[in-house]
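In structure tokens below, several structures.
Same chain, two partners: chain A is paired with chain B first, then with chain C.
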Partner chain A sequence: MELSRGARVALRLAMALGLAVIYVPLALVLVNSFNASRSFAWPPSGLSTRWWTAAWQETGLREALYTSLKAGLGATAIAVVLGTMAAFAVTRYRFFGRQAVSFLLILPLALPGIVTGIALNAAFRTVLTPLGIGFGLFTVVVGHATFCIVVVFNNVAARLRRLAPTAEEASADLGAHTFQTFWYVTLPAVRSALFAGALLAFALSFDEIVVTTFTAGPGTQTLPLWIFDNLARPDQGPIVDVVAALLIVLSIVPVYLAQRLSGEVLR
Partner chain B sequence: MTPPVRRLAGALHRRPRLRLAALISAPMAWLALAYLGALVVLLVSAFWTTNEFTSNIDYLWNTDNFRTVLTDPLYRNVALRTLGIAAAVTLIDAVIAFPMAFYMARVARPRSRRLLLVAVLTPLWAGYLVKAYAWWVMLSHGGVIDWIAAPFGGGSPGFGIPAVVIVLSYLWLPYMILPLYTAFEQLPDSLLAASGDLGARPWRTFVGVVLPLVKPAVIAGSIFTFSLSLGDYLTVQIVGGTTQMLGNVIASNVTLNLPLAAAVSCVPVLIIVGYLLAVRRTGALDNL
Partner chain C sequence: MTDSPPPSTGASAAGPPVPSAVALSGVTKAFGAVRAVDGIDLEIRAGEFFSMLGPSGSGKTTVLRMIAGFEEPTGGRVLLGGTDVTRLAPFDRDVNTVFQDYALFPHLSVRQNVEYGLKVKRVPRAERTRRAAEALAAVRLEDFAARRPAELSGGQRQRVALARALVNRPSVLLLDEPLGALDLKLRLEMQIELKQIQREAGITFVFVTHDQDEALTMSDRIAVFNAGRIEQVGTPAEVYEHPATEFVAGFVGTSNLLQGDAAAQVFGEPGLYSVRPEKIRITHPDDPAGPDECSAPGTIVEVVYAGALTRFVVDLEAGGRLVALRQNVEESSTDVARHRGSTVLLAWQRRHTVRLSARPGNTTPNDNPQ
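Let's look at the complex of A and B:
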């Protein structure tokens, strides 16, 4: 389809405008974190790094970050194990209810977070509280793992579907038993997909707030919960901005890792 | 004597059903216990009632909560408002994503395609709250939007339904661009060339050939923009002023009146399941 010159220019303009709309709000957060004044009146009256220093000294913030890391690692570990097992089962076997398994896996991500959140809240209240297990990091990890399984599953299952069984058959012919074949042949072949899934699962857990709100106890505060809590406090505004700016800068890390991983696939 | 590991491996190798059972039981047990179990608890609790005087739950089976949700105009208005916001967000995202995805996939040089894709998808990693917060700052009184609009005699729309629609559209835009980009990229050149050879002008080709081919992708994107907007309640809290969406009604009732919250949460679930069933025929679900 040969586009006219005018159409090309218009499309390029739309693209540039779209990218501007995507990036201007994020750039403003970065600039505002150096805004000397306490309010976010625009333009800034002066620049200073004092809010970055103040954020560094905020102990609640550091604890929330630590809680988020623990929750993310716990949920990712469970999701990697269960998601990989489910991926092998669904791609390597034909069995009754296979469609239902795929559907059940995606359900926690497809339904609104608030429905998942209050369902888990109600279930924990009915089942765990009588057992003496209160709301805390454990319940957050259980909640996050439930919707993280599907992202690991999707990545690993996609790789397994493209993987020819010949290498595994050769391994078995050469005398390796089931576990040796898995460890030396299958696992290396799915490793990058496994990492990509784990990365996505961790990011999903690290950013999650809705399910977290309903599964965290009063003493457990993840980073998103901390941000939301402090958003409402006018005197904490600049520090929230520093945290937001930091998270924007840090979002380059997973993008870089994902690029490295997809490079590995192409090689 | 063979070592136990090898014996176990042999036993598993001979029995594929046993291997399958070993693989599937743990993930299914987790999802059935932690997730389906929780959903059942929620659904069952929708049939209970909260005692108005003691705020305790009366475990008496009845459908009062559902009757309240269906007949009380408050819930009908909130549901309609939520539907309207979700539809508006989907429409806006489709309109913005269309030219961007088309440019990325068919006009930009192949080398810059990948770069543009990364540029569009990177903000997904920046976090939901961070982005909602960024808009909260921009929309607030004396913020950037006031500053830009002031010379034209305008100002920030403030916190309300327009702000909610803007921020939700911003949040879910990448989910619409990605499937559209893939669809435009997979368009066979031969079909476009054939349309041109048969005398169709670019616009005619676009409407007659391109649009029908990318329709499943638009629907796939709309599943994300629509259902994510339908269940949202934090963006509304941050930039919505006093606006209430279904999510807020559910969230505000969880601690005080769980049975009612459970009944209200059936509304978005039914809408989303209905939407998924309606679009299943178009093949959009294979595009996810």
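Let's look at the complex of A and C:
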């Protein structure tokens, strides 16, 4: 399609503006983390890594980082197992209510986090507390798993729908039992989609704050919770910038990898 | 069109002591309201090249899938070598399938594809390698062992699919239109190759096709399918020369049907009759027909030149229309056209008239009128 010169210029401007709105604040955060002065002064008075050193020495921050990593890994592990199994059930077997299950699995992604958070909080209070299990890392992991499952499920189900079922039939025809077929034929075909889903799930869990607020106990602090707590304190300002800069890098990597993997065509 | 089909090379296993390689009894398959397969009885002998011929949607693939174990029959039983396998999973049946779309594993090399069946059955590595090499040699693909399926041509993929199935030495090999995706020349080459492989390996082949020439040239016996039922089972010559039903007469070869008043006048008895076009002789209206011949006068309304043959369409005085074939021994295309509009006499041996039953199953070969 040929666009007129005016339209082309307008489109480019709009695109530049859109990207600027998203990325200029991120760039500011990055620059600010190397700012020599204490406040959000602009332009920066000088370059320094003193806030990066300070951030590293902050024990509360380090612990929050570990908690976030553990929560992310736990939620991703649950999502990989359950999401993959659900994707298989929905794409490979016909059963009553298949469409409904598919819909219910995707719903948590669209539900406001605050609704999920409140619901989980109430559920944990009634089910887990009588069993002696308090709010803590475990409840955070379960809470995050609710939306992590969706991402893995979506990725794997999309790939399975594209995989011709005759490949699996051929495997059974050649004498492979159900598990062998899964291991030698189906899994290699969905592996990259599964990995992409897992990376996205981890990224989602890592920066989640709403559901976390409702499912973490008083002693459990993930990185986003720590940031939220420290943002208000004037003396911690630049350290928060450092953490934010770190999070930007940590989120870009999995999203970039996931996109490359899901774009990879099935050869 | 060949003048007459080659003689059957059918293994004439005469006695019942050897159980059928495949036996279907009363097999039915319904998908919801659709009866894809509607009560089929069939016996396929060991070592036979057996074809299932029929138009699209007639249930051939569904029958094959029930033999392989991918579909469970709604009714009836499937037996392999005399054993009831109706409820067995595909991996517990001694059959292998060559799929219409080949269904090769895209992430494995040609060699790994061929070795797959042996690997999952835990055949030791040394034997696996040897047998895979043999199978690849049999289909002349030794030099392609390291390639991925995506790096092969259609014909090469087809041969990988064949090697992948044959390496398991199944008692029965099922082939679902394996040549459908190939061009005509490659198709003819592969037909000969398949036939050779089948003879050498001594494996029962169940071959699905909707190409009548393919079925006639390759098979020991043919089952003609129509709308989920079998209309006729027989050698190529039987099916071609003595079609049991109107459907078979029309589907295998050119249908040359006479019925009603026309049939009554030509044959002296009303009914439904078929004569193959190449059996019909075209003569001058004044020439008498022989004592063993049927004859009918008519007018040539169309002349179709087809290289080796010319097809004459003749409207009979008695009503009805017949097609007659003549080899172009002397005449060229410009000469044959002048026959249009001529009055002629059609004559054919009485024994080449086939009386058809409208219902399937009533085979009445050599049912000569009068």
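Methods note: the second predicted complex is superposed on the first by the 255 of 267 C-alpha atoms of A that agree within 3 Å, B and C clash if a C-alpha of one lies under 4 Å from a C-alpha of the other, contacts with A are read in each partner's own complex, and residues count from 1 in each chain.
Methods note: a contact is a pair of C-beta atoms (placed from the backbone, for glycine too) under 8 Å apart; a residue touches a chain by one contact, two chains touch by 3 or more.
As the structure is a computational prediction, the values presented were derived from the model and not from experiment.
Peer 1: Given the superposition on chain A, are chain B and chain C in a clash or a fit?
Peer 2: fit
Peer 1: Identify the partner contact of A:169: answer first if only chain B is touched, second if only chain C is, both if each is, neither if none is.
Peer 2: After superposing on A, A:169 lies in contact with chain C but is clear of chain B.
Peer 1: Quick check for you: in the superposed arrangement, does A:123 touch first (chain B), second (chain C), both or neither?
Peer 2: Once the two structures are laid over each other on A, A:123 reaches chain B alone.
Peer 1: I'd like to know which partner A:177 touches here: chain B for first, chain C for second, both or neither.
Peer 2: both
Peer 1: Touch check for A:72: first (chain B), second (chain C), both, or neither?
Peer 2: neither
Peer 1: Which touches a greater number of chain A residues, chain B or chain C?
Peer 2: B
Peer 1: Between chain B (first) and chain C (second), which, if any, makes contact with A:238: first, second, both or neither?
Peer 2: neither
Peer 1: At the CA centre of chain A, how far apart in angle are the CA centres of chain B and chain C, to the nearest 10 degrees?
Peer 2: 90
Peer 1: Considering the aligned complexes, could you tell me the closest Cα pair distance between chain B and chain C in angstrom?
Peer 2: The answer for the closest chain B-chain C C-alpha pair is 5 Å.
Peer 1: Which chain A residues come up in both lists, the one for chain B and the one for chain C?
Peer 2: Correct list for chain A: 172, 177, 180.
Peer 1: Which chain C residues qualify as touching chain A in the complex?
Peer 2: My answer: residues 68-70, 89-91, 95-97, 99, 101, 103-107, 116-117, 119-121, 148, 150, 164-165, 168.
Peer 1: Per the contact definition, I'd like the list of chain B residues that touch chain A in the complex.
Peer 2: 5-6, 9-10, 12-13, 16, 19-20, 23-24, 26-28, 30-32, 34-39, 41-42, 45, 96, 99-100, 102-104, 106-108, 116, 118-123, 125-131, 133-138, 140, 142-144, 146-147, 170, 173, 192-193, 195-196, 202, 205-206, 210, 227-228, 230-234, 238, 247, 250-251, 254, 258, 261-262, 265, 268-269, 272, 276
Peer 1: Which of the residues in chain A come into contact with chain C in the complex?
Peer 2: Its residues touching chain C are 164, 166-167, 169-177, 180, 184-185, 188-189, 266-267.
Peer 1: Taking the complex as given, what residues does chain A use to touch chain B?
Peer 2: Contacts found on chain A: 1-4, 7-8, 10-12, 14-15, 18-19, 21-23, 25-26, 28-29, 32, 39-43, 78, 81-83, 85-86, 88-89, 93, 95, 101, 104-105, 107-108, 110-116, 118-124, 126-127, 142, 145-146, 149, 172, 177-180, 203, 207, 209-210, 213-214, 224, 227-228, 231, 240-241, 244, 247-248, 251-252, 254-255, 259.
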